[in-house]
Amino acid sequence: MLRTNLNLGAERQMSRLHPYSDKVMDHFTNPRNMGEIADADAVADVGNPACGDMMRLYIKVEDGKIVDVKFKTFGCGAAIAASSMLTEIVKGKTIAEAEKITNRQVIDALGGLPPVKHHCSVMAEEALANAIKDYRLKHQGSGS
Amino acid sequence: MLRTNLNLGAERQMSRLHPYSDKVMDHFTNPRNMGEIADADAVADVGNPACGDMMRLYIKVEDGKIVDVKFKTFGCGAAIAASSMLTEIVKGKTIAEAEKITNRQVIDALGGLPPVKHHCSVMAEEALANAIKDYRLKHQGSGS
Amino acid sequence: MIYFDHQSTTPVDPRVVEAMLPYFSGTYGNPSSHIHAQGVAAGEALDNARLSVASSIGAKPEEVIFTSGATEANNLAIKGFVEANADRGKHIIASAIEHYSVLAPLRSLQSRGFEVTYVGCDKYGMVDPVDVGKALKHDTAMITVQAANPEIGTIQRIQDIALFARKHDVYFHTDAAAASGIVPIDVDVLGVDSLTLSSHNMYGPKGVGALYLRTGNRLSCQIVGGMQESGYRSGTENLPGIVGMAKACDLAKAEASTRIELLKNLQIKLWDWLANNVEYLEFTGHPMYRIPGHVSFWVKFIEGESLLLMLNMKGIMCSSGSACSSNLRGHDEEDLAASHVLTAVGVPAEFCSGSLTVSMGKDNTEDEVDYMISALPSIIERLLAMSPLYADKLKGKDPYSK
Amino acid sequence: MIYFDHQSTTPVDPRVVEAMLPYFSGTYGNPSSHIHAQGVAAGEALDNARLSVASSIGAKPEEVIFTSGATEANNLAIKGFVEANADRGKHIIASAIEHYSVLAPLRSLQSRGFEVTYVGCDKYGMVDPVDVGKALKHDTAMITVQAANPEIGTIQRIQDIALFARKHDVYFHTDAAAASGIVPIDVDVLGVDSLTLSSHNMYGPKGVGALYLRTGNRLSCQIVGGMQESGYRSGTENLPGIVGMAKACDLAKAEASTRIELLKNLQIKLWDWLANNVEYLEFTGHPMYRIPGHVSFWVKFIEGESLLLMLNMKGIMCSSGSACSSNLRGHDEEDLAASHVLTAVGVPAEFCSGSLTVSMGKDNTEDEVDYMISALPSIIERLLAMSPLYADKLKGKDPYSK
């Protein structure tokens, strides 16, 4: 009597993220390397409070290696977590290695970010790039 | 702090009828004077099954008085109840009195009918009018 | 009291109510409040519910749009499609026996310059897919044919119609409100682009429904505002209702075969008794391709409403078709005036004011059918005795014989 | 956990749930099934609910149209009015701080040839009725100004605006969703033609709302079909939801003064503490004409979402305004980007990403406010320490001082 049958399509998993992963919340709650470096070798400001986020990154370099890194961030949970995570990734890397760090690495290390928050990881990547540029400017020829 | 106040308008009663009053249901369930009069003095058919209702009214007249009345109705609950109520109102009345019966009386006697069912009372009024006309035609000069 | 009016609405399954309860005063958050615990919990529940509803029809979760009910889902599917796809042509094909929630949007589109071809059906209410194919024009934008009819129970050949739609790259919507929770549905097997589901027709709560929309199709939002439901439908989500609908879908899926077996048995029992015992009875709808548990008919010489009333007085609740399509309660229409569905299947409208629809549900029993069988003869006898048409027939003037 | 986000949604009052329960599996009929006992009982419940909702706002029952929520009610009031009154002109006046469910319909009308004047407000979010009067044109068809703002709490001078509307015979709609169940409403005192009520903002269920429509006004139905709700809104009525909303209205009316007293006390306590103890804090909204229990503010140098998150980690749930207006959960907007409301009240959008909205409810306690008061200082301190803007300020470069 019935025309339709019971053959249901495979159950395809949804992939909507909840706003923040546990990793993000951990870094937001206990940000690593938050603060300033008084005698930093380079500082970078990126973002703009008008866009909701602003990050300031300090780096200290010895023998081409980033031996210390700190940040201050005005921004949402993702911005703070991305800042914190970036500093963890960066610390101990050479300038050459640090230059290769991408926002994707930050996102992955955080266990993902909601799509509308990806720009926070971009901000972190840019802060690093600008800090390295600043370092190069100030220490022309001294680094890698 | 608050701009609006607590002064509520008077509670105005709603007047939406439930489909059928108890009176309607009583007449539908136990229709009075349902049937045929074999030797009726007049018969009238009104309504049309195409419109959902059809009523047939039989009257028996003696000395200008309606001494017996019967109906058969194809129709909804309101049509059957209106038919039944009409026969109760009519019975024992003179032709002259019966002529003055209106559908409003039927509605009121039934404790009201939903607006969309008012036509059923009109059908009953028309059946009576047509039966009287039929009676007059057949008994020219004999009645009132 | 016996409830045989499951096409009008169904009681909410107690397991569904139980599933809903935590979302009133416990997890009461707004799914849009994604920043705090209440909102996140609400959002999670919404995701899970979407997954249940989607998987019950073989869809992806992101293809399910929750609405306030089947009417809104049909409005969204039809008005939303043409508004978002203005380039797709100005011609629409629909069956002649659609529900008002499909017909009314179509009528409003007609007044906005669209041409609608209403394809008829055979005397069993079956639309011939070939007729739909023949109605196709170069500028046909959309086909909409219901999955099942609530009034006469006929189940359409949706897959076959979908073949024509696919071949001509025409958007195909089906209103499956009347089939919801009874007839198992797989959107890929059916091959439709969008499909309307009703919650309160499948032991879920009122006030919620869903539109399945196949990936790749676009609709224009009809209720605009905060852009919930991926922008297809604004307004704070009715979370308890949605959770309830999801539970109802889960139950319908799990119990499909049990329910269908019961409903078919009850249906056959009533059908056979009527066929063998009630003179002047005419069935409506398809004898084979019909909603399980659905029996509809009319009886010559007898008016439909009075039959309904007498059954109700005996404690048996049926309807004259789709309650959802006849809001009258003293307003502006005649409930039992010949319906467009009966007219379409060729029932002589002049003499039939409404078919009786007996729509049984998962909790009905054989005893209840037996009771109806025992109650019917005296009711029919009474009404025949009251009928002037039957009196004529006994005198040899059968109004149906011309 | 402390819930201070009643403008996003409220928990359903257990008495409301109790009132709803009989309508799921007991009186489950479809109100349109007027022919049988289940349908009649459902219809009766619907009538009674309508009476409750109507009398809670001083309206006649036939002036209440049940919808699926405030968003749909606003859509119906706005799109429905201009469609049914095409002769009334092509100009509309609205405040600049309306909810998206008002702004989005207006935007769609703008694309259909309507001109909309958005009237601004003062720094407290108050719309000057005289500004509305000045915006009137010969072809103004409609004015729509919200009763209260969910984000900054300001209550508008609706009666005064209504005077202008009346004098010029212009239809006046007010979205009272954010005031529902808190601020007592009388439609005659307000003098409005239509008014939106939200159920889930007043301890009623989600999935239901109502539009009050003054007798004599006509709207064009937006969700078309079976012509329920006197033809203004089709679809099987969400009876348990409607009954729940009615109960919520009854309770709000009966408990209005108790609730208001409590909410004002909590509000004053938090407000005064914030004013006296938090440096760099700026309140938003009107200091006097505001929703009882509603406190909103922002803190210089601190970003809104991080403040919300930290409060949530301490078990305090607030929001950045109206959850209903920000459906983001990973979709397409920035929740905490400067809102149109904050921009309208002149908050420096460049440095403020969202005000914090603390919207207390009838079940909150002084202890909870005390807890928030005890939690805030360390949170603010932490965020200031993290803020590069604050670091600049300490070095004499205050970004807010220009």
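Every chain is named by a letter (A, B, C and D) in the order it is written, and numbering of its residues begins at 1.
Criterion: a residue touches a chain if its C-beta (ideal position, glycine included) is under 8 Å from a C-beta of that chain, and two chains touch if they have at least 3 such contacts.
In this text the structure is predicted, and so the values were computed from the model without any measurement.
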Among the chains, which has its CA centre at the largest distance from subunit C's? A
Mind checking the centre-to-centre distance between subunit B and subunit C? Centres are C-alpha means, answer in whole Å. 37
Could you work out how far the Cα centre of subunit B sits from that of subunit D, in whole Å? 52
Scan subunit C for residues touching two or more other chains and write them down. 34-35, 43, 305, 309, 328-329, 331-333
Residues in subunit A with touches to at least two other chains are numbered 16, 18-19
Overall pattern in which the protein chains touch one another (line/ring/star/complete/other): other
Which chains touch, pair by pair? A-C, A-D, B-C, B-D, C-D
Residue ranges of subunit D in contact with subunit C within the complex: 1, 3, 5, 8-14, 16-17, 21, 24-26, 28-39, 43, 68-72, 74-75, 99-102, 104-105, 107-108, 200, 205-208, 222-228, 230-231, 234-241, 305, 308-309, 312, 317-320, 323-329, 331-333, 335
Where on subunit D is subunit B touching in the complex? 34-35, 40, 43-44, 47, 50-51, 54-62, 155-159, 179, 183-190, 253, 256-257, 260, 264, 288-290, 292
Touching residues of subunit A toward subunit C in the complex: what are they? 1-9, 11-12, 14, 16, 18-19
If we count contacts the way the header does, which residues on subunit B are in touch with subunit C in the complex? 16-19, 25, 28-29, 31, 34, 36, 45, 48-56, 72-77, 79-80, 114-116
Within their complex, state which residues of subunit C touch subunit B. 301-303, 305-306, 309, 313, 328-334, 336-337, 349-351, 353, 385-389, 391, 399
